[in-house]
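In what follows, a structure is listed as structure tokens, so that the remarks can point back to it.
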Amino acid sequence: MNRVDPKFKDKLKPYGISDWNECFHCGNCTAICSHSEDSLLMPRNGIRAIQLGLKDKIHNNVDPWLCYYCGDCSEECPRNANPGELMMALRRYLTTVYDWTGVSRIFYTSRTVMIAAFLIVAAAVVGIGAMYSFQLEPIMEFGHLFEKIAIISVAAFILLPNIIRMFRLTLIKQKIKVPLSTLLSGIADLVINMFTQKKTLDCKENRVRWFEHFILVLGYLLLLATTVFLNWFGTDNIYIIIFGYVVGAITFIVTFDFIIRRIRKKAEISKFSHLSDWMFVVWLFLMGLSTFLIRVFIDIGIIQDHLWLYLVHLIILAQWAVIIVPFGKWMHFLYRSFAIYIAEMKKKALSLKQQNQVTTITA
Amino acid sequence: MTFEPTIVSFLCNWCSYTGADLAGTSRIPYSPNLRTIRIMCSGRIEPTFVMKAFREGADGVLMCGCHPGDCHYHEGNYKCLRRYHLLQKYIVQMGIEKERMRLEWISASEGKQFAALADEFTETIKKLGPSKIKKVMETLT
Amino acid sequence: MEEIRIGVYICWCGSNIAQLIDVKFIAGEIKKLENVIISRDYKYMCSDPGQETLIADIKQNKLNRIVVAACSPRIHEPTFRKALEKAGLNPYMFQMANIREQDSWVHIDKEYATLKAVALVKAAVSRVKHHEPLNKKSVEVNSATMVIGGGITGLTSALEIAQAGKQVYLIEKSDSLGGITAKIDLTYPDLKSAGQMIRPKISQVQNHNLIEVFLNTILEDISGYVGNFSTKVRRNGTSEEITFGNIIVATGLKPFSPVTIPEYKYKVLPDVITSIELEKMLQDGTVKTSDGSKPDNIAIIHCVGSRNEQYHPYCSRTCCSTALKYANQLRSLLPDAHLFDIYADMRAYGKGCEEFYTNTSNKNIMFLMYDQKNGLPEIRKANSSDNAGMIITFSEKLSGENIEVPVDLVILMTAVEAHEDAKEVARLTGISLCGNDFYIEKHPKLDPVATTTDGVYIAGTCQGPKGIDESIVQAKAAAAKVLSMIAMGSIEIEVAVSHVNEEVCCGCQTCIMVCPYKAISFDEEKNVSVVNEALCKGCGTCGSTCPTGAIKSLHFTDIQILSQIEGLLKTESETI
Amino acid sequence: MEKEKPKLNLAVYWGAACGGCCVSVLDVHEKLFDVVANANLVFWPIALDTKYSDVEAMPDGFIDVTLYNGAIRNSENEHIAKLLRQKTKVMVAYGSCAHLGGIPGLANFHTGKEIFERVYVSSESTVNKEKIYPQTSYKIPEGELTLPEFYNDVRTLGQVVDVDYYLPGCPPQTERLLEVFMAIVKKEELPPNGSVIGATDKGQCDECPRKRSDNKKIKQFKRPVEVIDDGETCFLEQGLICMGPATRCGCGYRCIEGNSPCRGCYGPPPGSPDPGSKMMSAIGTMVGSDDPEEIAKIVEQIEDPAGTFYRFSLPAAILRRKLIETTVS
């Protein structure tokens, strides 16, 4: 039995649209949604859960992650209730639900705190620069070390615990028993989905966006690998250098396009931009651009005269690694893939249960 | 060929006839065996009419009026009801199955019920088979 | 005796009849009958050209009997009677065969439908041979009107008629005027004061010199006929008689009592109240729970007793908008309360009401939908841990979830029912009730305030659930009908009455006992019964009761009906 | 002088009858002289020994007036009715049996076979082990013996031959006979053919000495033995079925004056499409209840509605006999 909570929807205001009333449940959104299936919270059902404040139902379901925001539902909606963005808002909210630290909730709900955090990180980087008397070499060395430590600690203390929390909420707490073999068999799909987002293609007329997103993910991850593990800034290997240029360029060109789109607001997906969305694309763009420029400066031999560039890059990198990745939009990269995995596991568990019931009856 | 009975129905103008009209406007199909005679009130139905209908070859006779208490003329339907009981005793004496004659109440809003009644009564008469009254009355021996 | 010359017309009614029934075949079969001079089929008999054909045939062929096989005589008998009159024929030399409502619309088999139609037309031909001309009678219309019911509808009708300079007797059973409208706080969708609307009307009525108000009054008896009614009314133990020409029935509604719905625990849980009880609170300006505290959570439940076969199958029509009105009023009175509107379907029909719904839905009210098919919401007393007085549980349709709603006050949007006096008033005035005890209008679209009894009109919620605006429309429509009747001065009355053959009547007086209208009296001198034709409404009960066979029910005589039976059954063994 | 006028030829015949009608003719007593003065009695089996062959020998239209009493029960009744019709100018159906079938008409509740079985086999006083029934013809050495054929149905005279006048009653009041007879003799203007004569168009209540009101709600139907009659109140209002209002006047209230309700021998007033249904309808309407169960109970007290309302008229009714399977073959 779910108890209604009239206050619940007010809690969701900071995550996106505040008017949950427009929807009158005609079901057009569900009819047009490529991912809608029986019993999924896609999108009408999700909206209903918000309207009634059925908190547990929202927490326990991964369904909002199955939406790729093609925007068809919002275009089709006769009431301009914007179901696509409502789903997006639910994802923002769920990000904070999975975060065990509670920090992301603070960032999502308070702009001031978020901007303050950005400023503090920037100041800290400047402080470290001062510590090293603004010498390029040690600062770059520190920067390289910081990258490695950040990746490991964010993964160990934030990403992993949050994914476990997500599992706990959506599977374990609901007493859905999935056999280990099933769990293992789904892992391949999980990885494929994580890197290809191939389910986006189920949405109509989404190929360009999927491709852009796909090469961005690839570009970003490879840029990360190139700089962190292949020491792009320090290497003399011409192949690595060129490769770095390519993936760096991909990163900032694609994100530049994303930014332009968000400014133009033509497609449904670009119409509504939460602060977290802006932060994510702009910082990714800045990261790609600054990384690219540093290598250019290195190659034309003027980096020594332009320490400021590296400091700016380090500030962006630090803000990205300390704020956006663990507590911001970056996590959707993981949650979405795991959500598909969890949804698949739930489905299998359900069909297994039914099979068992049938066998009991026939026996 | 299956036996298709002929049933004469006497319907009061205000309730039953209107109810039968409603079955029409609602397009509720029913068996075509009923042939209606409209009277203003079921209180007008006399035994003579029923005897005449049987005499002329009706296989069944249906009388309908307003529900008790709802008669347009206050209580004509009660008078019909009283006569009906006496008439029933008479027709049984005359060797006619009492099931061949029915009195039912149908209101102006009961199109559905009227259609159901028509079907059900037709079924009853079909089971009883054709009435031999006309033939017997015309055969002088 | 003049030769009988019958004209028979089979109407196609476009395709309504002709698509199932072989009209040409019928016309051919009927042509073979004795005395049938003309037998035609025509596309639309009721159309002007159709009627003109009829009139021309009567004149050219000296027809003296007409049979039209078409729709129900309840629809077009008056039309064709008028056509006969135009052609100079007595309108009663006419008979209709209903081959649409009771044939083509209800049967599927073409052959049976056509055979049945032939039988029905033969019966009409056989009957019409015995028709006799009847002469219309005209009576003067008494210009006074009796209005039954002193609610907003009755008051409006009374004022309309009195303002036109005609006498009105307004009969009210209770001790005050205003009815339900006086008991409500605001109206929807404009949120204006109902009191400010009704109070001036009451005083206008009370002060009008042409309106006589009878409070605490019940009707003992109504006799007479259109234009000349009289009634005995009893007020404070004394009876008086009033006479009038027309009656407007505006007996209004009664709120449904939800005690019969176990799920809602009305009268068991003190904080489950009905809409009319909330109106009282709203009029007093405070909404409180039974222990006097401010309710934090308030639920409004729709369709209480409406749209449910177990209680009332119909929609009570006003409750959705009233519920929205409450949501607005409660929101203003209790800005921090949580409001839950539990509805089955939101039916905010009418001018301005959808907008009212849209506006209300933005006032932080949680709308929840239930489906009566899946059971009604159930109210139970809450536990101490629930932080509310009661819990409502039900299956919420749009989420598909079984949900709980914590509440401190529940408002039941009770259905409206026909007034408990409706049956008695119907009996007295001779009008009919539909299955739900609301009065039946003469025609739902073409004659919505008239009834099947001439001179008796219905207005307001006694005809069916409706809002104040629609009630007033009907009140004014009924008043207009009455005023046009008064303006005519005289009207023609039913001539298909009973007639006593004094040569045969032996004075047994059985007929006097059965006449529901006291239209038959006993002439001691002649030792015969005498029918007052103005009082007789032509039911024919005396005709079928007279043991001597002295009473003839005109237009429904023995010979006419017996011939009809003969005609009906002559078609045996014929096939197409 | 009257003597100068030619005398009328008068015939009186009995079909299926009890003989009471013939006795009623005899009841003219001393007025017989008036009759004889004006008429020759040419055929009257109860009093004269005229043979059928004598009648057959008469020229057509020889008889001026035939008073035929009794119903048509067998072939002999039918044969003589047709023969007399041929020989007679004015055919009068005399008495209830000729008029409406009368008491013999009640045989229409049974078939001819049933009646034979009862009379010749199963009746308590009969011993007929061989089950010998009357035959229409029986050969003996001397030749062939014949009996008239016993019909399955009883019919009225009017159903067999054209009847000029009906003179109702069981039996008709002798005064009425005399009035009619004298009217014929005096060649007064007679009513149109097919009329009922010797009775008025009004019902019995017209001059009924009992007090009537419109209070005819009957809660209990009673037999005369169950009522202590006050001698004044309308029988119907006392719960006794009285056919008075549905029966013509003319009998002189013989039954009612004897404190017995009218049984309807004079038949219905003009305009009734059926001799018993109007009264049945009226009695039904008088049942003093609106409750279906109570109505059924009250109606149950009417022991034999068909026999009550059609005591004298079953063969003339719309349903002129009981529907018995064996009759249809």
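Going by the order they are written in, the chains are A, B, C and D; count residues from 1 in each one.
In this text, contacts are C-beta pairs under 8 Å (C-beta built on N, C-alpha and C of every residue); 3 or more make two chains touch, one makes a residue touch a chain.
For clarity, every value in this text was computed on a predicted model and none was experimentally measured.
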| query | Touching chain A and chain C alike: which chains? | reply | none
| note | Closest to the centroid of all CA atoms, by its own CA mean, is chain C
| field | Top-ranked pair of chains - ranking by C-beta pairs in contact | value | B-C
| query | Measuring from the mean C-alpha position of chain B to the mean C-alpha position of chain D, what distance in angstrom results? | reply | 34
| note | For the pair chain B and chain C, the C-alpha centroid-to-centroid distance in angstrom is 26
| query | So what's the Cα centroid distance for chain C and chain D, whole Å? | reply | 54
| query | If you average the CA atoms of chain A and of chain D, how many Å lie between those two points? | reply | 112
| request: List, in ascending order, every residue of chain A touching at least 2 other chains. | output: none
| task | Could you list the positions in chain D whose residues touch two or more of the other chains? | result | 273, 278, 281, 283, 285-286
| said: Quick check: what residues of chain C touch more than one other chain, meaning two or more? | reply: 514, 541, 544-545, 558, 562
| said: If every chain is a node and each touching pair gets an edge, what shape is that graph: line, ring, star, complete or other? | reply: other
| query | Between which chains is there touch? | reply | A-C, B-C, B-D, C-D
| Complex contact set, residues of chain D against chain C | 201-206, 208, 212-217, 236, 244-246, 249, 268-273, 278-279, 281-283, 285-286
| field | Parts of chain A lying in touch with chain C, wherever the complex brings them together | value | 1-4, 6-7, 21, 25, 39, 44-45, 48-49, 51-54, 57
| said: Help me check something: in the complex, which residues belonging to chain C touch chain B? | reply: 72-74, 98, 100-103, 105-109, 112-113, 115-116, 119-120, 123, 423, 426-427, 430, 432-435, 440, 452-453, 496, 514, 516-517, 537-541, 543-545, 553, 556, 558, 561-562, 564-566, 568-570, 572
| message | Please output the residues of chain C touching chain D within their complex, sorted ascending. | response | 501, 503-510, 512-514, 522, 527, 541, 544-550, 558-559, 562
| request: Spell out the residues on chain C that touch chain A in their complex, using ranges where they run on. | output: 338, 340, 361-362, 364, 366-369, 393, 396, 398-406
